[in-house]
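Here the chain labels run A, B, C and D in written order, and each chain numbers its own residues starting at 1.
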Amino acid sequence: MSTIVKGRRIGLNGDRAVAYAVKQADVDVISAYPITPQTIIVEALAEYVNNGELNAAFIPVESEHTALSAAVGASLAGARVFTATASQGLALMYEILWIAAGLRTTIVMALGNRAFSPNINIHCSHDDAYAARDTGWIQFFAENVQEAYDLTLQAFRISEDKRVLFPSIVNLDGFILTHSLEGLYVLDDKDVKDFLPPKDPVNPIDPESPKTYGPLDLYDWYIEHKRQQAEHFNNTLPIIEEVFNEYYELAGRKYTPVKTYGMEDAEVAIVVLGSSAGSVRYVAKRLRRRGRKVGVVSLTLFRPLPVEEIIEVLSSVKVVAVMDRSYSFGSPGAPLFLDINAALSNAKERPLLFNVIYGLGGRDLTPDHILAIYDRAEDIARSGEVKERQIWVGVRG
Amino acid sequence: MSIRWKSWKELPLGMVIPEPATSLEFKTGSWRALKPVLDENKCIRCLLCWVHCPEPAIERLEGDRVRIDYNYCKGCGICANVCPVHAIEMVMEGGEE
Amino acid sequence: MNQIKTLRDIPTREQLAPGHRLCAGCGIPQIVRFVLKAVPDPKVVVNATGCLEVATTIFPYTSWKVPWIHNAFENVAATASGIEAAFKIMEKKRGRRKPRIIAFGGDGGTFDIGLQALSGALERGHDLLYICYDNEAYMNTGIQRSGATPKGASTTTSPAGRVIPGKLERKKDLISIAIAHGVKYAATLNPAYPVDMYNKIVKAASTSGPTVLHYFTPCPTGWYFDPSRSIEVARLAVQTRIWPLYEYDNGVYRITVMVKKPRPIEDYFKLQGRFRHLLKPENKWLLDEIKKEVEENWNRLLKLSGAST
Amino acid sequence: MIEVRWHGRGGQGVVTSSELLAQAALKEGKYVYHAPEFGPERRGAPVRAFTRIDDEEIEQHFGIYEPDIVVVIDPTLQSETSYILQGLKKGGVLVLNAKKPHKLLVEEAKEINAEIWYVDAYSIAMEIFGRPFYNTPMLGALVKARELVKLESIFEAVKDRFAARGEEIVENNIKAIKQAYSEVKKYEY
């Protein structure tokens, strides 16, 4: 990522960086319930509102279910809306995730990624992000605090684009990013205003033009509605890239759905989401200095999955390790592994793949773990044989 | 509203019915087994039938006269039941006219 | 917004179109029609999942002439909260006029699954009119018991069996729940008393902050009576003191339809299949219990309203 | 790259110190990562925080296992030697809030050839604040031991952080940092 930038450099933790972006986005309604590790976001926003720094309605709801339900109502009313949650909170919102997307709301949600219970844990897994993968929300993964800020701003712009009209989730790893402070460049308010003018809602609730939102929809038209939603959702990819480019022009930071390192000549690659991408790259850089042809692929955009780009960067590699910070019981792979596998399924050439389960509940992904994964990938490249489709790293065994 | 779209491509955006009162195209009068028949001569224009009709299929006209809209009347018989002067009689559908 | 004296004063304009698919004889449309008449434009209706929702909006048909939003079952008050908050801030920031926000929920969506969301909305003080249309069971899914099902009623999940004769638990007291949240206006409504009903809607809608109306909805399908007798059944509920009509207005309770000489409860029960088993001799104990509780409730309201017995 | 680990107890400002160090480094154009360690700890329980400072972009997000410097804010934690010295690099730096270093700690630190710096931050805090706010003075002691950032940058960070709470708080903190800076001593084995 380039660091040529406009704006000021300040130090914030991930949660505060998101809250700062939300303030600059001049949201109308914040509807949220406290849950670790995103609580700092809503605290910061409540502070902005109560200090008169942000002219917004802060709805201090009684549950996450209501947080998202109220957000749906507010978004349909025409407001720019933000919410934030994590883990169990996302699970409690679950049914409304589908509704928010189907009703084409433009809510932006920060998800402080955290493991599902049991056992209760407040640290990072991607269980919550994965739980939302099929619901029709655009999903971004931030690798660091800068990205959490940038992606939040871009998410509003993307969700509210009249060619998009889908809600967005900005994932940031619980504690690793939410509570950790890094330096980041923040834009001037004026630049944000230019990039993100007030929401111009499509089909808002309007007594002058009464519409019926969310009617019963039986076998007569339900499938046509889903077909339409699917088409529109899949069509968002070029628009997301367009907004990424505009943001690049504004901020000097270039986002791409797929981020790569060393993939020009990599023979083995790791595919990973979130804050671990940097850790993997850190190790990969050191290995490449020693002549090992390793690469890193991280997804800034998880939904819609940038399939063509994935094929482009991975099809000529010999072995790919797909890292999942979650587990899918009884499935032949965890969600990212399944996605990558499916994306490559009809590629003319395709690598051998294996799935790495790591980091559940905040277990640290150390350089040793990453090294071991690359070692294994290279072994497989040599032998041409995947003995274990799925391995766990960093687990006492 | 043209309710007959040919494809999902033509559907209104999102899960929205963009116009009000399209149920007027759905004639629930076909549900009726018993039919209320109003004797205007007996009617005292108390409006009770109009007030209580669930559809509403009873229109309030000038001078508080009422008219039954058989396109929508499901024949529940509430109007006949609440009428204090028995100006509405329920008859078998198809039998009377 | 004016109080009315006779039925003639009720506005003629309808904002609920026919062509909906509620059962013949259903009591729900009457509250909807009245609310739409009594609450001035601009207004927005938010609707919980339930009979009213499924029967008035079946894509591509809608009976609504005002903006109408359905989100899910348990979150009508939550959705309404968001709409209210959004319009309030947008009025401030961009001058978009805030409409009145009306929420409809059935008894399941209000007493049970939606109670938490309702509690939250009332506590936060959103400016909205909440109406529970209470047909005393989950009618939309086929007559299962709810927290609003009255003691003694037979439903598909509290059937009048050989050992247990229907529901043995009391109905929750929604108005007291609302009042406990500090709402300024709450009232019970009954379709057999249309002027009383209309005027209470007007009062609720003219009160700022959240207000709660609890409407008795006769349900011929779930209560097993002839649809033509809907209003008769509703009137009997009031006249037996089973459904007292009263209001709570800024701290003052008032019984709005005084029932000096109540009709026997049996008159109400024998009209409905759901209660008929209570008239069997072996269930007299339950009938007696119900009678006692109805009387206690009436006396409680008399006391609260300062009326003499 | 420099990695610092902070030790203290919940409520002592361990996280604040680590954050202030990161903010100060940031002011000098450096790259930083500051991470508090979070469990279910409440006031009084041992807690840690981590700071990474580098001239290059910091990409890695894994934990700090082999710190260059360990700062112990709480005077009573000194005896937890293995906890405090865990992973400290050979020849690393140990900065203690202590009237004098704990004997056992000295012995073990010597084994890894660690430098020990110590200051009675408790007394400084009691003298200046009248309360045991000894987290900020430890920044002064740290900067004396290793000039990771300029003292001025620390003062700037302190100003940003405490400005809203009044000038006196800012000034007292700066005073305490300065005092610790001048009073901290290197332990001679």
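Note that a contact is a pair of C-beta atoms (placed from the backbone, for glycine too) under 8 Å apart; a residue touches a chain by one contact, two chains touch by 3 or more.
No experiment lies behind these values; they were computed from the predicted model shown.
With A-C and A-B as the two chain pairs, more C-beta contacts join A-C. Measuring from the averaged C-alpha position of chain A to that of chain C gives a distance of 43 Å.
If you average the CA atoms of chain A and of chain B, the two centres end up 52 Å from each other.
A straight line joining the Cα centres of chain B and chain C is 23 Å long. Averaged C-alpha coordinates put the centre of chain B at 80 Å from the centre of chain D. Counting partner chains per residue, chain B shows two or more touched chains at residues 15, 17, 19-20. In chain A, the residues touching two or more other chains are 103, 210-215, 217, 221, 225.
The set of chain C residues touching two or more other chains comprises 57, 59-62, 64-66. Remark: the chains found to touch one another pair up as A-B, A-C, A-D, B-C.
Residues 41-44, 46, 53-54, 57-62, 64-72, 74-75, 78-90, 92-94, 96, 99, 116-117, 119-120, 123-124 of chain C are the ones touching chain A in the complex.
Chain A meets chain C in the complex at residues 28-29, 31, 55-57, 59-63, 65-66, 69-79, 81, 95-96, 99, 103, 198, 205-208, 210-218, 220-221, 225. Interface residues of chain D facing chain A in the complex, by the touch rule stated above, are 19, 22-23, 26, 30-36, 38, 57-63, 65. Those residues of chain A whose C-beta lies close enough to touch chain D in the complex are 3, 9-11, 13, 37, 122-123, 144, 173, 175-177, 179-183, 275-276, 278-279, 281-282, 364-367. Residue ranges on chain A touching chain B, taken from their complex, read 102-104, 165, 202-203, 210-215, 217, 221, 223-225, 227-228, 231.
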